[in-house]
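Two complexes come next, and they have one chain in common, chain A, joined by chain B in the first and chain C in the second.
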Partner chain A sequence: MTTLRTRWILFAGLAVVVIASYLITVHFRTTASPATQAAFDYLETLPESSVVVFSFDHEASSLPEIKPISLAMLRHAFQKNLKIVGLSLFAEGTAIGYSLLRKTAGEYGKVYGEDYIFLGFKPQYISAILGMGESIRRVFPQDYLGNVTDTFSIMRDVEDYNDIEMVISIADGDRTVQWIEYAGPRYNQKVMAGLTAAMITSYDPYLSSRQLYAVVGGLRGAAEYETLLGKRGGGNRGMLAQSSAHIYVIALVLIGNIIYFRNRKRRGRG
Partner chain B sequence: MDIGVLTAGILTLAIYSFLYKDNPVYKMAESWLIGLSIGYALVIFWQTTIIDILIVPLFKDGRVVLVIPFALGLLMFSRFSRGSSWLSRIPIAFMIGAGAGVAIPAMLYARTLKQMSASVMPLITENGGFNIEALVVAVGLLSTLAYFYFSREHKGPIGKTAKLGTYFLMIFFGATFGYTVMSRMSTFVGRVDFLLTDFLHVIR
Partner chain C sequence: MRTRIPLLVCLVSGIIMFAQYFSSHPIAKTVYNGILEWWQIIFAFTMFVGVAAFIRNSLKNMRRKGEAPYRVAALVGLTLMPLLALIGGTKFGSPFLWAFDNMIAPMQSTVFSLLAFFVVSASFRGFRARTIPATILLLTALIVLIGRIPIAELISESFPKLTFWIQSYPSMAARRAILIGIGLGSMTTALRVILGIERTYLRGE
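Showing the complex of A and B:
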């Protein structure tokens, strides 16, 4: 019972810390990491009407991190008048990707089929990635809504990776690795990623070997991107709560260690 | 209030009720999550794989060549019969052969050759300065490899180098664990954000 009660106190403490952080207003000064800065600078310098692919390769469970990253990058792309081709290589990411794309497109008055399109989900991701190097329209003959892809003006000039400036894989797993491995070496396709924090260290080797152009990682990455963009969103809003939660966990670790060493000392005396 | 937000809010609270103890409300929310996830994936895969890639092109567009993958797919079900289960080896062999043929060159390039070339960096920068990052990478790489070198006993110089490798491994595990904790905290922060803004309208 004591263990259970301790657990409840710890969880309740975390909940109080996070909720309290949302109820007070503190503006964090977020400095962009080199990886986030590189992602921002790349989209910033792309000429208008350049085509970028947003691939929503994630599950619904990672939405709290994925959503602010996606929204910040999509807003930036629409603000720069880039053309966006959305798709998903992960079934659960399909509806989420479409919804985020529609939401941000609406904010900038973008027209479906002209400024952006969502091609939907394609199983067998390796064959889809390789197939897009031959013909994107052949891999996606219809869009997410069942319309023939050819009928949209945005797709008339998009045949394969030669017409795509950047693939931005929004992922919570290893799907971005497949973009790097199959679209990178064979088709010279540049790839950048929006990742959950848990995946950042897994992608560091690809970043340092320059196979991955840039990474926007976790809620912090989203906050950095929002700061660069000058639009506060879910990333910045969550930073105080996240930082407070980290301080809370560090405090618990310290207290736990102090209790452990004190008890060990007592046992030693006994 | 939007019915979707209301449902999501109630289900979020139902899932977090597990922190108190296992209870029927949590069980119900858990079952819904699993059922909906499987149902959603099933519908998506049925439409995008069976209907879009097989049924429509084969029966509507007359692409007869699709009979071959269709037959290979059907052979997978032969595993359910002990007498004919050997037939399933044909599509499995095809899948493994094709998969390995496609994957091995790509993985060898991206995961081995490119990583090797990225690990070899000049110790002196273009400006004539000392490249401390290159030194850390070189020492970290060699000492970590020494830790996984089992052909000689870890004694003497090899033992000390291997020991140093364990420190690099610990730093990596620590960084990965730290990022994982950060990720899980972000998930909780995201749900609290949703509950306070969309569900309870406590903050704007």
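Showing the complex of A and C:
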């Protein structure tokens, strides 16, 4: 009974901390990490009309963390007048990718088929990644809305990876690994990622070996990117909630250990 | 014969895929592109198999006590989304996208966010400095937890640097070791399958 009550108190505490954090507005100074800075600098220096692929390789469950990353990077790409080819190698990422692309394209007055396109979902990601190295139009003969891909001006000069400057995989799992392992060595395709915080350490070896060009990691990465872009968004808004939750967990760990050592001391005396 | 033919198919396929990697001959390219297309077609059909198995399993388990509402909800969801897509399309403003944005995404995010509550509970009840290795792990976790939030820079500029060092050296060394192990293991398994030494995919025959 006591355990159950303690658990409820802990849960309620977290809920209060997070909800209260969203009610308060605090602006943090978020210094960009080298990985976020590299991602920003790359898009910043790309010439206008360069083609980048945004691959929405994630589920809906990670949306609160993934959405601010996607929005910040898409806004930057549209702001720099880059051409965006969107797709998804995860079924659930399809509807999300389409919505986010359409939303950001609307903000910058971009035209579907000229400035951006959404190719939709392809099952069997490995064959899709390898197939795109031979012919993107062959893998995606139709776009998400069922139109023939060839009819859009954006796709006229895009045949394979030779015409793509960068693949940006927005992922909450290991789908980016497949981009790195299959599009990288065989087709020399540069890959960068927008990842959930839980996945960052899994990609550190790829980042260190430069197989992965750059990473925008977690809500913190999104906040850093927004700061570099000069447009505050979901990343910065979530920083107080994330900071408060971290401090709450740290406090609980410390309190838990104090109780543990006090009880051990008592038992030792007894 | 039931074993030899699959083993032969596996050997030939493995050798073809291995050899074509080093060839830019048009025949090799055609074979490669053909295999990639077949791979996708076969995979797409496995989805139908998955859906059929799910429906069968749900109908079978519906008679179990207390399970019927959940099974019905699952089947309604499974039928509703493709129906909405077929009737109203998947364009912006379509019923399909509305259902996805307002039902699937919030429900999945809610389930995923439960993890935070489990982490809180576990950190209070399980994260104890009982031994020296446990203490090292605990201190490392606390440093990384602090180092990943903006407040860390206000406390000390060393926190983010220390976090970066932990991630770049001790953590990365462990990750690399695991990745190299996985890589070697994958290569060995692939060779064993191609050469017919590993036969568990043939139900152990």
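The working rule: the second predicted complex is superposed on the first by the 270 of 270 C-alpha atoms of A that agree within 3 Å, B and C clash if a C-alpha of one lies under 4 Å from a C-alpha of the other, contacts with A are read in each partner's own complex, and residues count from 1 in each chain.
As a working rule, contacts are C-beta pairs under 8 Å (C-beta built on N, C-alpha and C of every residue); 3 or more make two chains touch, one makes a residue touch a chain.
Being a predicted model, the structure only gives us computed values, none of them experimental.
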Next on the checklist: Between chain B and chain C, whom does A:Q211 touch in the aligned arrangement: first, second, both, or neither?
Outcome noted: first
Next on the checklist: For A:F11, using the defined touch cut-off, is the partner it touches chain B, chain C, both, or neither? Pick first, second, both or neither.
Outcome noted: both
Item to check | Touching partner for A:R232 - first (chain B), second (chain C), both, neither | outcome: neither
Next on the checklist: Per the contact definition in the header, classify A:R262: touching chain B only (first), chain C only (second), both, or neither.
Outcome noted: neither
Next on the checklist: Contact-wise, after the overlay, does A:T30 reach chain B, chain C, both or neither (first, second, both, neither)?
Outcome noted: second
Next on the checklist: By the touch definition at the top of the document, which applies to A:Q242: first (chain B), second (chain C), both, or neither?
Outcome noted: both
Next on the checklist: For A:S62, using the defined touch cut-off, is the partner it touches chain B, chain C, both, or neither? Pick first, second, both or neither.
Outcome noted: both
Checklist entry - Once the shared chain is lined up, is A:P185 touching chain B (first), chain C (second), both, or neither of them? => result first
Next on the checklist: Which partner chains sit in contact with A:R156 here, chain B, chain C, both or neither? Use first/second/both/neither.
Outcome noted: neither
Checklist outcome for this item: Overlap of the chain B and chain C interfaces on chain A comprises residues 7, 11, 14, 60-64, 92, 95, 122-123, 126, 130, 186, 197, 200-202, 205, 208, 218, 220, 242, 245-246, 249
Next on the checklist: Looking at the complex, which residues from chain B come into contact with chain A?
Outcome noted: 19-21, 37, 40-41, 44-45, 48-49, 52-53, 99, 102-103, 106-107, 109-111, 114-115, 117-118, 172, 175-176, 179-194, 196, 202-203
Checklist entry - Within the complex, which stretch of chain A touches chain C? => result 6-7, 10-11, 13-14, 28-31, 33, 59-64, 92, 95-96, 98-99, 102, 122-124, 126-128, 130-131, 134-135, 138-139, 144-145, 186, 197, 200-202, 204-205, 208, 218, 220, 223, 239, 242-243, 245-250, 252-253, 255-257, 260-261
Checklist outcome for this item: Touching chain B in the complex, chain A uses residues 4, 7-8, 11, 14-15, 18-19, 22-23, 60-65, 67, 91-92, 94-95, 120-123, 126, 130, 142, 177, 180-182, 184-186, 196-202, 205-206, 208-211, 218-220, 234, 237-238, 241-242, 245-246, 249
Checklist entry - How about chain C: which of its residues touch chain A in the complex? => result 21, 29, 32-33, 36-37, 39-40, 43-44, 47, 89-92, 96-97, 100-101, 104-105, 108-109, 111-113, 116-117, 119-121, 123-125, 127-130, 138, 141-142, 145-146, 148-151, 153, 160, 164, 167-168, 171-172, 175-176, 179
